[in-house]
Amino acid sequence: MKAAFGGATLMSSSSANAQTTNPYTYRRNWGRWGADDQKGAVNLITPAKRAAAAALVRSGRAVSVGRVFEPSQHYIRVNQRGAGSSAVDYYGFEYHGVTVTHVDAFVHMWDRDGMWNGRDPAKEVDTNGARFGDITAFGDGLITRGVLLDVPRYRNVPHVAIGRPVTGAELEAIAKAQNVNVEPGDALLVYSGRESFVKEAGRYGGVTEPRPGLDSSCARFIRDRDVAVLAWDMHDAVPDTSGHPFPAHAVLYSYGVALIDNSLLEPLARACAEERRYEFMFMALPLKIARGTGSPANPIAML
Amino acid sequence: MKAAFGGATLMSSSSANAQTTNPYTYRRNWGRWGADDQKGAVNLITPAKRAAAAALVRSGRAVSVGRVFEPSQHYIRVNQRGAGSSAVDYYGFEYHGVTVTHVDAFVHMWDRDGMWNGRDPAKEVDTNGARFGDITAFGDGLITRGVLLDVPRYRNVPHVAIGRPVTGAELEAIAKAQNVNVEPGDALLVYSGRESFVKEAGRYGGVTEPRPGLDSSCARFIRDRDVAVLAWDMHDAVPDTSGHPFPAHAVLYSYGVALIDNSLLEPLARACAEERRYEFMFMALPLKIARGTGSPANPIAML
Amino acid sequence: MKAAFGGATLMSSSSANAQTTNPYTYRRNWGRWGADDQKGAVNLITPAKRAAAAALVRSGRAVSVGRVFEPSQHYIRVNQRGAGSSAVDYYGFEYHGVTVTHVDAFVHMWDRDGMWNGRDPAKEVDTNGARFGDITAFGDGLITRGVLLDVPRYRNVPHVAIGRPVTGAELEAIAKAQNVNVEPGDALLVYSGRESFVKEAGRYGGVTEPRPGLDSSCARFIRDRDVAVLAWDMHDAVPDTSGHPFPAHAVLYSYGVALIDNSLLEPLARACAEERRYEFMFMALPLKIARGTGSPANPIAML
Amino acid sequence: MKAAFGGATLMSSSSANAQTTNPYTYRRNWGRWGADDQKGAVNLITPAKRAAAAALVRSGRAVSVGRVFEPSQHYIRVNQRGAGSSAVDYYGFEYHGVTVTHVDAFVHMWDRDGMWNGRDPAKEVDTNGARFGDITAFGDGLITRGVLLDVPRYRNVPHVAIGRPVTGAELEAIAKAQNVNVEPGDALLVYSGRESFVKEAGRYGGVTEPRPGLDSSCARFIRDRDVAVLAWDMHDAVPDTSGHPFPAHAVLYSYGVALIDNSLLEPLARACAEERRYEFMFMALPLKIARGTGSPANPIAML
């Protein structure tokens, strides 16, 4: 049943629920910030929240959370002019997937229930781009308090292994062990030891093969803590017991949580361990690409 | 005459000077941070400098300094899968020029004297990219104290006009009038009223036609203040009395100052006037593109 | 009313006709070669037709009908290896429009009545490409007898002017004056003097402004002669009295005629006048691009 | 030693020969058609040669010699306008290598001796493209008599195997066995059974691994017969006994022979066997890309 909602067509969750096994009707955030909202939980990053994040800075040590990026198409042109010569380049790339550090816009993913805020992708997306929930919604940046949870350290293993996904209860326990709270509007950085896994396995794969990562129960933790941003180095564990595809990615469209995929977290985990701090100022400034489904990024954590 | 310098070939400035009218041999920074340095004046952004920048934050008001970006090639692909559907896109673009807000890497420009630190572009740049001074040199971000100088406000006009370029002495006077100092390692934001000019003139052009902007004397001010980053909305004034092409851009290769072209400064100028503050925390996080000559960006100023 | 037709959904022409002023229900070719046909009037180019075209060759003089092509993205990479060095390039481009000489696939255009053979574009085209009527349908080339009709010569003017479009009756008269028949399966080349027009007007435009070209009555001539390929240097005249958009382009989806837009015809018109021949062997070999809506091309006429 | 030659700098072959083991100084064609020639052996395709090729057509059976092409970047845009709707696409690709059927321009490859006609690539090629020997040199098409030599058939095996490269003496024998001559200006099509090899081996590789193909002695045959075009489905055998990289590709820059790599020859070989004819009309019409190093293509053989 389709019901009008705030001027846009909302795909009814009740009838859809009967069809899906979507675990994220639990405390779903649709409508929480208004029917036309495009910022989701990022609304929780208020000016005061940003100021408090800046106040966390002690030494000013900056650690990059972005991987080096090699666009598929990268070409140089040299304009020799004697004085005033220059080299310019062209970048062409797709960035979603398991390689490039990037920020997902809310429009990027949906399931049978719909997009973020119940919108119908058939109406909001076509070959000319996204009309709702594009990456410009984060045009003022994602600048907030960051908290890193170090899973391998907690487990005393080099990395999260296939078949032993990170769980919500585990994130709870790690925060406690690290003596740090996860608060509303935070950026949650979940370090799973991706580099170590790749060194062993050769690669981190797609969804068609078993891979290590986060379990669907992590989403409940994220929702219960009202996290605004999830930056992770692994993705959804495959398989997941919920039977739901992208069980952790679902926080994007169910809760309006900004996702930063393929984050580089090993150096930051090391810095946090050295400084014995797991909270810091976190900054991710995605490009303001009109109608875009996301943006590559180089986020920075500052201690 | 070519002399070896720190393992790399340095193009002699003395013989070159006889050939050019390059005004930037004045206090040129080549060698100042070592022969193989690729960070230039960005070296002045120490952890302490970054922490001090964070300490400037009061309200946490975030203002974007980046223009909305529409890549020349922008295509969407929708993967309909029932549950777990997604929209992904491809971006393809050149970004140097007068449209896209972007950060220049040091390799981007040179003249007869050479690249940053005296390097020979014929050796450091080829069709496979840049081997020295690429954009990854700023991989930890450009996070520092920002100071905005509002030229139209000072002149009591809507925008800087053709034939009346911004001068170094003027920047000096504006800082005084705004009661703000420009300090080593700062990001200097020079607002020239580009939007107003474009509304009147139709467009902001290239170097082959008269256009308003900054005069070569601004570079001296930038050098004397040891500015690390210049973010501007107009470019070099055309023509310039020095006879030198790109007389302001030259700070890139003569002083190792990071340039952020086509910044969006009107909203920030307005916010600064409202809050009566012209200093703030400034963040620009260029993409870490291997061998790249620069990166599009969405910098943020936080008050 | 939608009716099933040969396993695919056919959009009914009768109900649609009531809605449109489409003049091409006149002798429409839908279903003529079967419900699943993807070659349209190109079916009329039989092996015998091709052999007859080859038999037309006398001197072997080859004249290019393609414009020089400068892809929007064109980048070079040089791989220096001492022995075995190479230069390779990347081409990126859109090609439909008024600039590039290209062949349209049948999927390229449709109106309220539907695509070629009554197919529904909503079913046959999505972001992954075209599933029906793509350019590979012409994978064996468009090799046939070519006939050039020289309109400026007939009118004794340098080019076809705005407001004086080429008409079907005129094409009839030109063929007669040139003492040449237009036969089933032919490639019809209509020369309208585009270079001369552009020299005068500055450019040949899109559909939002008045421009010279072919009138909708030309389509009847094309249908009545069972032409298989239309190669033209101008496009549809704007405006057209039929009120129908793309009144000449409509031969693509109504009659299954292959279109070769932006052909270069001035040199061929000159050669034909010199040799006093208006029939020749014509060859256009579009690229076999899977799911593509067309292909750039360099067709050749051989006298 | 560099000597001036016809206004361009010629790299001396004599001094270079002392450095290389280039077997193609044998009857090298440099200067044969003038110092500034850019058409090489394609000059042998005269109008009379083309007319004679057309006269070979009997049934008009057309067989494609091009593989289906899937550009790396292929995106669709649908412009829904009610009447006059369209689907357009963007193609982006590199095409040199072992996958795409394409024509090499003379500028594409060189070794220590130089490019076609002794030109210096450092002068003729930069990031803005090729200034000499680009693909527009073939702007009137490559239309000539084609001769196919079927190697697997001659050897009574499914395909040419690794370690058993095709030799010049073998091509001689195959022509004799097939009762066909190879004549000046011809397009020589060498079928090596690539599809069969790939079915067995999984893929046809690059130059860094052993692969089946043509031996350097084939080049002598090509030169002695004054072949103008070589269309082949395999490439240079790896390794080659001459020690020269790309020993067969060298015909491009030593003899000015146009190369059509990755041709699809299995269907044509079958058609020739059926019709007991190994000569036919051959047409390849590369795109006229300004400054390009080559072009994808879909050549056609017509019997």
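We just call them A, B, C and D in the order they show up, numbering each chain from 1.
In the analysis below, contacts are C-beta pairs under 8 Å (C-beta built on N, C-alpha and C of every residue); 3 or more make two chains touch, one makes a residue touch a chain.
Keep in mind it's a predicted model, so treat the numbers as computed, not measured.
Trainee: Between chain C and chain B, is it the same set of residue numbers doing the touching on each side, over half shared, or a different set?
Mentor: Because over half of the interface numbers appear in both copies, chain C and chain B meet with the same residues.
Trainee: Looking only at C-beta pairs in contact, point me to the busier pair out of B-D and C-D.
Mentor: Counting C-beta pairs in contact, C-D comes out ahead.
Trainee: How many angstrom between the C-alpha centroids of chain D and chain B?
Mentor: 48
Trainee: Between chain C and chain D, tell me the centre distance in angstrom, where each centre is the average of that chain's C-alpha atoms.
Mentor: Between these chains, centre-to-centre, one finds 29 Å.
Trainee: Quick check: what residues of chain A touch more than one other chain, meaning two or more?
Mentor: Residues 73, 75-78, 90, 92, 126-128.
Trainee: Of all residues in chain A, which touch chain C in the complex?
Mentor: Checking each residue of chain A against chain C gives 73, 75-77, 90, 92, 127.
Trainee: Across the complex, what residues on chain C touch chain D?
Mentor: 20, 22, 46-55, 57-64, 66-71, 73-76, 78, 81-96, 107-112, 121, 125-130, 136, 139-141, 143, 207, 244-246, 281, 283-294, 296-300, 302
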